[in-house]
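Presented sequentially are two complexes of subunit A, the first with subunit B as partner and the second with subunit C.
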Partner chain A sequence: MNIRQEIETSYREACKNRNIEVPESLEDDMVLLESGLDSLGFAVLVTDLEMKLGYDPFTLMDEPVYPRTFAELFSVYERFKDRAQK
Partner chain B sequence: MMRLRQHIEVAGQTSELLFESNKSLDRKDALDRLASNRAVVAEYQNKSVTLIPRSTTDLLLWLIALDGTAQSILILSDSTPIEQIDSFKKKSGCRTTVHKPFPPVSDSLDSPSDSKGTGKHIHNDIYVDTTWIIPTSGTTGTPKLVSHNLESLTRSVKMDKVFGSQLRWGLLYDPTRFAGLQTLLQSICGGSALIQPENLSDPDTIVKSFIQNQCNALSATPSMWRRLLMTKDFSDMPLEFLSLGGEIADQQLLTMLSRRFPDSRITHIYASTEAGVGFAVKDRKAGFPASYLATPPPNVRIGVSSEGQLLVKSEKGKAHYIAEPDDNMANDGWIDTGDLVELVGDRYYFLGRRNGAINVGGRKVQPTEVEQCILETEKVVMTRVYGKKNPILGELVVADIVASPGEEESELKSIIQSRCNELLADYKRPAFLKFVKSIEITPTGKIARI
Partner chain C sequence: MKTKPILITGGTRGLGLSICRKLLKSGYEVVAAGRTKSDELSQLIESHHETPSSGSISFERIDLADCASLHSRINEISKKARGLYGLVNNAAIGKDGVLATMHDSEIHDVIRVNIEGSIIATKYAIRSMLLRGEGRVVNIASIIATTGFNGLSVYGASKAALLGFSQSLARELGKANITVNSVLPGYMKTDMTSGLEGEKLKSILRRSPLGRLATTDDVAETVDFLLSHNASSITGAQFKVDAGSTC
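On to the complex of A and B.
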């Protein structure tokens, strides 16, 4: 399973569902809040990834971390990948 | 006030009363069994009785025997957990339990043909106004006990026995619960027959058995109706009277039933166990006319609180909680139903339960509002909307979907999505649609909430 690829796919789907223009390429330094995805879109993205990857890093972490950039989002998922349920 | 037994006596005695387990019980059979067992019944005179029947036949015969004889009857389903039975008995004071079958006609001293009775054991013409005690369905928590009398329970029952003699009611509900009891009382007091299907878990078998037994009147929840609509033989049912209750009746379902049975009478009923019965809407349209507030249907008054909650007040009969704080009955007889309504044009529409809301980032979503939006898509048979925990917003809206047979899922998904985008605020739209084969229905016929 390629986590990066899954996150990219889900991100694009979330943007599409929220009628937000999907960025052409998802760069590491892209600031999530400036990408157009609002909190509802972000919430949907997290749940979508939980269903696809089998874990939700935001409920697994002891200290809440809210990723700012796309790279940070990716690293949060990377950090908890061993906790996947499937 | 006529007692149940008197309703049996004045209807045509050869008319069928109940069909269960391939056996037919007519009114004369019932009266013979009652007459033959007067001594048995006399044991319960002025007692407070907990009735836990083993079959619909037993329930029916014991009710006819005990109504007017016992001080109060607490009616419980055979599937009630034992610790709950004990707690209910304690709360209600109904300490004597009746769980045995109603005895057959015996060769005792009482003659079966003497159905008027000799008055040896029971003062036949002096009836007690028996209190009937029924638990609420417990949709919103621990079931509570509600006290009724025969008058409050039969407020909406049609007593015309000449007309009623042509009706054969199908029983889909548990007859020990409020909705099932309504159907049972309608059959007894209306001079009609009641058909208890054998196997309640298989809709195909139910429909076949109803067709075979010429069931022409049926009362069910919208979820039950949708399940029946999926069966092959549904349109062959000779239905003349259709009634929907217990859940919100959506326009889609009302239209579908109207198309299948164009000459029938279709009624959706708003009722709460607490209020006895509420009111009926007969115009085949969802919700109810706003004019009901000023000119209510018989025996009931209807109001809407400033928070949009439906209030009802019964004009006749009595119903109150037992051993519970009477919070929502304190207000001059007005009962807060906990159901939210919304005025659109000249009609009120039901939005769902006040406390069943999904909380999306502090904004409340009524599952039923979303469900109704999805159901308007003709290709959806059933849906259940619920909240899924989410670390960002607390909860998100998720919908389980049962598609009509042969529907392409991805196509249907985009139809539902565009419908929801069009009609619902963004936080109310299901973030996820899950296609499932079936959705569980509770014993009371409602969608099992997650």
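On to the complex of A and C.
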């Protein structure tokens, strides 16, 4: 399973469903909240990824962390990948 | 057409069971949740199996006091149902007693089940609605959330919390085509009110312009309406079903 690819695909889908234009390539330093995806769209993304990857890192973490950039979002999912339940 | 699974917490007894019965008749996929499968619920499930009509009904074990278990339990239920369409937050405990002598553990229990457990269960239940792009949440509050009653301050606080929760959640989820509404029942005869008799009951009856109590079936009708297509433009609303006792 390629986590980065799954995140990118889900991210593009979440944006498409909310009629938001997504850049051709998703750069590491892209600021999530400036990308057009609002907090509800982000919730849809996290839900979709939980279905696909089998875990929700935001529920698993002890202290809340809010990723700012695409790279930070990716690293949160990387950090908890061993907790996936499939 | 997509199926419409509805999770009813506290669907094992009292009002929750009446809601399950009504929603089953309306053709929903009813998932009745609680800590123990009651005899009445078992009978309802059995009789549906014997004379199947539209809709379905099943039991799922959930303990709202065990908040840490709710993420996985609700996910399992949603997965089994292939995505929830609706949630009825009906389960609650009603500890009656004056605040000054109510045991601290009882205060914690009411807050945990009626507020914390219900909010966390909602958090995970709405996720499948977000993916569906549609959904319904109905919160069962109480007239006690807005009127006082001697000995019900903690319970009343928990029900008022649920009303506040509903209003903001309705704002948050509107864009996702999910409605959130509250139903405020008056006194109904269930296990929860089994101690309510004599003069107290008489005074409640006197307050009702209709001269009677609302029944669990009356309240179930309102819940059924709020889940239906006819209620698709109603969100953030509060419905009293109390035979007029608070008017």
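Heads up, the rule we're going with is that the second predicted complex is superposed on the first by the 86 of 86 C-alpha atoms of A that agree within 3 Å, B and C clash if a C-alpha of one lies under 4 Å from a C-alpha of the other, contacts with A are read in each partner's own complex, and residues count from 1 in each chain.
Going forward, a residue touches a chain if its C-beta (ideal position, glycine included) is under 8 Å from a C-beta of that chain, and two chains touch if they have at least 3 such contacts.
It should be emphasised that the depicted structure is a prediction, and the values quoted were computed from it without experimental measurement.
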If we overlay the two complexes on their shared chain A, which of subunit B and subunit C does A:E13 touch? Say first, second, both or neither.
neither
Of subunit B and subunit C, the chain that contacts the larger number of subunit A residues:
B
One more residue to check, A:F58. First (subunit B), second (subunit C), both or neither?
first
I'd like to know which partner A:E72 touches here: subunit B for first, subunit C for second, both or neither.
neither
Quick check on the superposed pair: does A:L40 touch subunit B, subunit C, both, or neither? Answer first, second, both or neither.
both
I'd like to know which partner A:D48 touches here: subunit B for first, subunit C for second, both or neither.
both
The intersection of the subunit A residues contacting subunit B with those contacting subunit C is 17, 40, 43-44, 47-48, 51, 56, 59
Residue positions on subunit B within touch of subunit A in the complex are 360-361, 388-393, 396, 417, 426-427, 431-432
Subunit B-touching residues of subunit A, taken from the complex the two chains share:
17-18, 39-40, 42-44, 46-48, 51, 56, 58-59
Show me the residue ranges of subunit C that touch subunit A in the complex, using the header's touch definition.
71, 75, 127-128, 130-131, 133, 172-173, 175-176
In their complex, what parts of subunit A are in touch with subunit C?
17, 40, 43-44, 47-48, 50-51, 56, 59
